Amino acid sequence: MNAPATATNLKPQQFKSDVKPVWCPGCGDYTVLSSITKALAALEVRPENVAVVSGIGCSSRIPAYTTCYGFHGVHGRALAAATGLKVARPDLTVIAAGGDGDGYSIGGNHFLHACRRNVDLTYIVMDNRVYGMTKGQPSPTTEPDWDSKLSPHGTGLREFHPLVIALASGANFIARATSSDPNGTADLITQAVRHPGFSFIEVLSPCVTFRPEQRSWKDMVHPAPVEPTDDPARAARRLMTDDGFNIGVLFAGHRKPYRPEASASPKRVAELEAEFVL
Amino acid sequence: MTYLAKPRLHHPTLPANRLGYTRRDYEGKVSTLCAGCGHDSISAAIIQACWDLAIEPHRLAKLSGIGCSSKTPDYFLGQSHGFNTVHGRMPSVLTGANLANRDLIYLGVSGDGDSASIGLGQFAHVMRRGVNMAYILENNGVYGLTKGQFSATADKGSKAKRGQVNADAAIDTVSLALLMGATFVARSFSGDKQQLVPLVKAAIAHPGAAFIDVISPCVAFNNHAGSTKSYDYVREHNAAVNRLDFWPNREAITVDYSEGGMIEVPQHDGSIIKLRKLDASYDPSDRINAVTHIATAAAKGEVLTGLLYLAPDAEDLHAHLNTCETAFNRLGEKELCPGAGMLERINASLR
Amino acid sequence: MTQAAKAMTSVSVALAGSGGAGVMTAGNMLLEAAAQAGYYGLMTRSSGPQIRGGEAAAMLRIATTPCDSVDDRYQVLAAVDWGNVARFAAELPLEASSLVVGDPAQGEPPEVFLKSGARYAPVTLKATAKKIPGGWPNMVALGLLGGLIGLPAAALRAAVEKSMKKGGDALAASLAAVQAGVGEAAKIGVRYPLAPAPARSSRWLVTGNQAAGYGAIRGGVRFVAAYPITPATELLEWMAPALAQVGGTLVQAEDELASINMILGASYGGVPSLTATSGPGLSLMIEALGLGVAAEIPIVVVDVMRTGPSTGIATKTEQADLNIAMYGLHGDAPHLVLAPNSVADCLLTTQWATHLAETLQVPAIVLSDQFFGQARAVVERPADVSFAGARQRAEPDAADYQRYALTPTGVSPMAIPGTPGITYTADGLEHGERGTPSSAAADHLAQMEKRARKLDSIDYGEHWAEIEGEGELAVITWGSCTGAVREAFARAKADGVSGRLLSLRLMSPAQPQRLRRALQGVKRALVVEQSFGGQFMRYLRGEYDLPCELTSFRKPGPLPVRPDEIHRKILEWSRA
């Protein structure tokens, strides 16, 4: 809110609001917030031209922690709101952000269709494989045998593989990042925003409260040993055999972003009634 | 939704299956879909498959959502249980039904609008859960019931009747089912009875989430060119109205081609769909190979048909949840009441 | 059978047949011909849920004055074939002086139609059509009906030519078939001739769905997210090309959950936005409507009501979404609910709803219904009204900007993304004035009061209701029942009985003082609605302190409320 009106080069700090996050100390989402602000500074955009859109969940609180325009909507529908906003206002940089429960369970349908529609926006999912805000239930990315009050002895269900699904649904840019590397994540977000069409970044962002074992993720992640590919078949093989800890851009395609065409024969509003006149 | 009763009299020479049922016993009411609709051929294949398998009609439940295809359970297995549910929500209703009574055979019938648009989230999660069912998607790439909007499986670049070009990428339900963990994944064509009937039988027999995407041409709406004379006439007649109510009759499209072969099938609208039947040597037990195969064929503009994937070690949701062998709806007080000893222990724990 | 060949001021005819037989096409042409000849008219449709292969009926009323309602009886029922037409019998009441026309090759008319004592005239529609190369039975039926009601040949010809612009052999064949139909009509020996057409005026031929779509665009809507659902689809389909021509956009969403959230996103971006749906879709949108209330984002949702609950009868009308529209939102969530009272009024009401939503920064639900949405009517050109989007926007770099500032009116200037120095986060979480989430009781109370206050901050003026007539008797109604009530009062007037018609357009916020004033001097009021449970009656009892005795007249869809039912009730009361 304090962005100087004339500056073109803002510091990451100037994208951070004075609202105190609700997150637990040590939560991965703090560094994701830093990465977003770093990326926005690197992109040389101004906060009023950026909208951060989210649903419901711990990570979905993120819009208010930036100085950008924010939209904290209903559970699972961040991508729908972001789609409407970007189509109506193509001049804005639109970033949708949220968690695994919001994005892959209740919002799973919109996730698939957003990949398919390929509107030029960036979707950042902070995946901690748990519903944190409701205090520890399994999400679609939770391991089948993870014990919880709601699903004792685990759900028994195969995990949802977001990157593979994103690829199959037509996402134009797919990357995995880790909250343990804020600068690397900032760089991936920067690339994602610059890439035309729907860009998807999955960020491994541990929940230290309900999944303390995820602290070890920082030792398990490693740079993807491969270059980004634009071949969906290669990417499919890569993603289906991936260990879940490869960090980097894993697919960058060339699909044309969705942009409704303007009419070749614009009319005044009153001219529309001609078809009714007798 | 039909008011014509089929005659109950059976021709004495109609062959009966192992249980003594004739094919007529597996039929439903008279279809009210457009003449030549691929969905009616799929209904016929389901009837044939169930007769072949000698399924007791009362042991099968057919569930559907909303749309043309979701109306078809009225047109087959008239003596089985049916539940026409809400738009896009058939998978969750079927999941609940299956959990309550594992003894029935579950047939999920849906269309591309129902499964790939409003219900895509449910479609994905029901495959992931591995619900024991045969899920048949009657895929025509268009919303017929609301008169011709694009559905999510419409090919990118295809044109709707009103001329809008579809700008969104198509959802390939077969790839999605594979990636979501379905343990039986197949694709067929409504007019290929030789291929479709065995697939339906195998899907019913499969002990897990079985999915068949059946390409099924829409005679009324998926028609770009308007080639026939009568069609032109009709179009002119309808230029003034906001809703079509006149269609020429069409014949159902049928095909017959061999394993490994490719066939170009002209559709009602004049477009052509290239079907490639899987080779006899194709190994359906490799999930990654299946995905690559489909992608490679798609790059050549071909649609692969046949059994694309079959998990050798398929399990269903009941196994995942470790439920008891008896169907839940048959458990009586005797099985469910933990007894006085348990009550005493609970009481003691609360003191 | 004696037939008074006296000229009639209103004639109702129906054309039925299997779906795909072209009865709607012929019905539309008949309406067009009547319009060309200078008459008013209304065409409603009845069909099964089949794509084709079911049965359908085009039901027309043609008159010398505007038709806001269907009539009590049909003078003519013609059928291209009888198929399952009998299942519409309840929607096609006949009387002894009616005429039933059918093709003898298609069998006898169902007994249910002849029970009324109507005369049956067999006409070989199919064989007559077959004699003309390229001729179709529906065109013969068009000529037959046009002949029976005395439409000029030139008007019929103009209607056929207008819908077959390509001309050629097909046009010639259709014109010949129509001519043959006129000839068949002359042989029947019964006619239902219309009185001379009234003086020409500026008129439209329009459906309620089109009128609503156009009203939205006039009100400033430039973004629409759409998911198809009967009977709202045509509204969205009309808007798709229309919006593109005026610089707007329509996106087809993956479901209703997406469409409502898309329009919230677009409107948050500063673009007036709308979606249209029917009952099941409205149910899916309710959660996000709550977000619109809490985050103060204006949107318009047009609910083209159909018979419920659940899938119900998707192709038929009912007024039973009033409860969910008024009270379906979770929490205390003040919002706007409006209802058009005629086909033409779908324009004004949707335009006004857009204007109010934008002005007050609140979601508006417009309760249209299948009757309005899919009816085509010849109407007087609706008056131009100046309602257009008027959202208060915040200035760039406004000092100490607070998105949810507690202003006296409750409306606070909205920051639009792209405007520097006043960024904020729109939130469904309760918040303080700045927009920062807050769980403090004081903030909750202050923001609740703000959101409630703004709905009372403006003068809704004369449009809140239609009020007509004087007297100690009143009928209070809404939506598509209005036309039948108006006609009932017109008939009662001829009997020397007068009364007052009140049709509510603004359902929420309720206007108790205004209704009280409007009912001054009224001793008894009849509440007319098309809902089984009496939703409108309960609404009136709950929202208003009514100074008179109330009686409920209600029935569920899909059968329309007909003028005669209300007329009889009014007479009964006047004699009591």
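As written, the chains take the letters A, B and C, and residue 1 is the first residue of each chain.
As a convention for this text, a residue touches a chain if its C-beta (ideal position, glycine included) is under 8 Å from a C-beta of that chain, and two chains touch if they have at least 3 such contacts.
Here the structure is a predicted model, which is why all the values come from computation and not from measurement.
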| By label order, what chains touch chain A and chain C together? | B
| request: Between A-B and B-C, flag the pair that has more C-beta pairs in contact. | output: B-C
| said: Taking the mean of the C-alpha atoms as each chain's centre, how many Å separate chain A from chain C? | reply: 42
| With chain centres defined as C-alpha means, what is the inter-centre distance between chain A and chain B in Å? | 33
| request: Would you kindly tell me how far, in whole Å, the mean C-alpha position of chain C lies from that of chain B? | output: 36
| message | At least two partner chains per residue is the criterion; list those residues in chain A. | response | 109-110, 113, 260
| task | Please list all residues of chain C that touch 2 or more other chains. | result | 210, 241, 254-255
| query | By residue number and range, which residues of chain B touch two or more other chains? | reply | 117-120, 152
| field | chain C residues within the chain A interface of the complex | value | 35-36, 202-206, 210, 214, 217-218, 222-223, 225, 241-242, 244-247, 249-251, 253-255, 257-271, 273, 287-288, 290-291, 295, 378, 381, 397, 415, 417-429, 435-437
| request: Would you pull the chain A residues touching chain B in the complex into a rising list? | output: 105-110, 112-113, 116-118, 140, 144, 153, 155-158, 160-161, 164-165, 168-170, 232-233, 236-237, 240-241, 255, 258, 260
| query | What residues on chain B touch chain C, complex-wise? | reply | 1, 3, 31-35, 66, 68, 71, 84, 86-88, 117-120, 143-147, 149-150, 152, 162, 164, 220, 232-233, 236-243, 245-247
| field | Residue ranges of chain A touching chain C (in the complex, touch as defined) | value | 1, 3, 5, 19, 46-49, 51-53, 56, 61, 63-64, 67-74, 76-77, 80-89, 91-92, 109-110, 113, 260-263, 265-269, 271-273, 276-278
| field | List of chain B residues in touch with chain A within their complex | value | 117-122, 124-125, 128-130, 152, 167-172, 175-176, 179-181, 287-288, 291-292, 295-296, 299, 317, 319-322
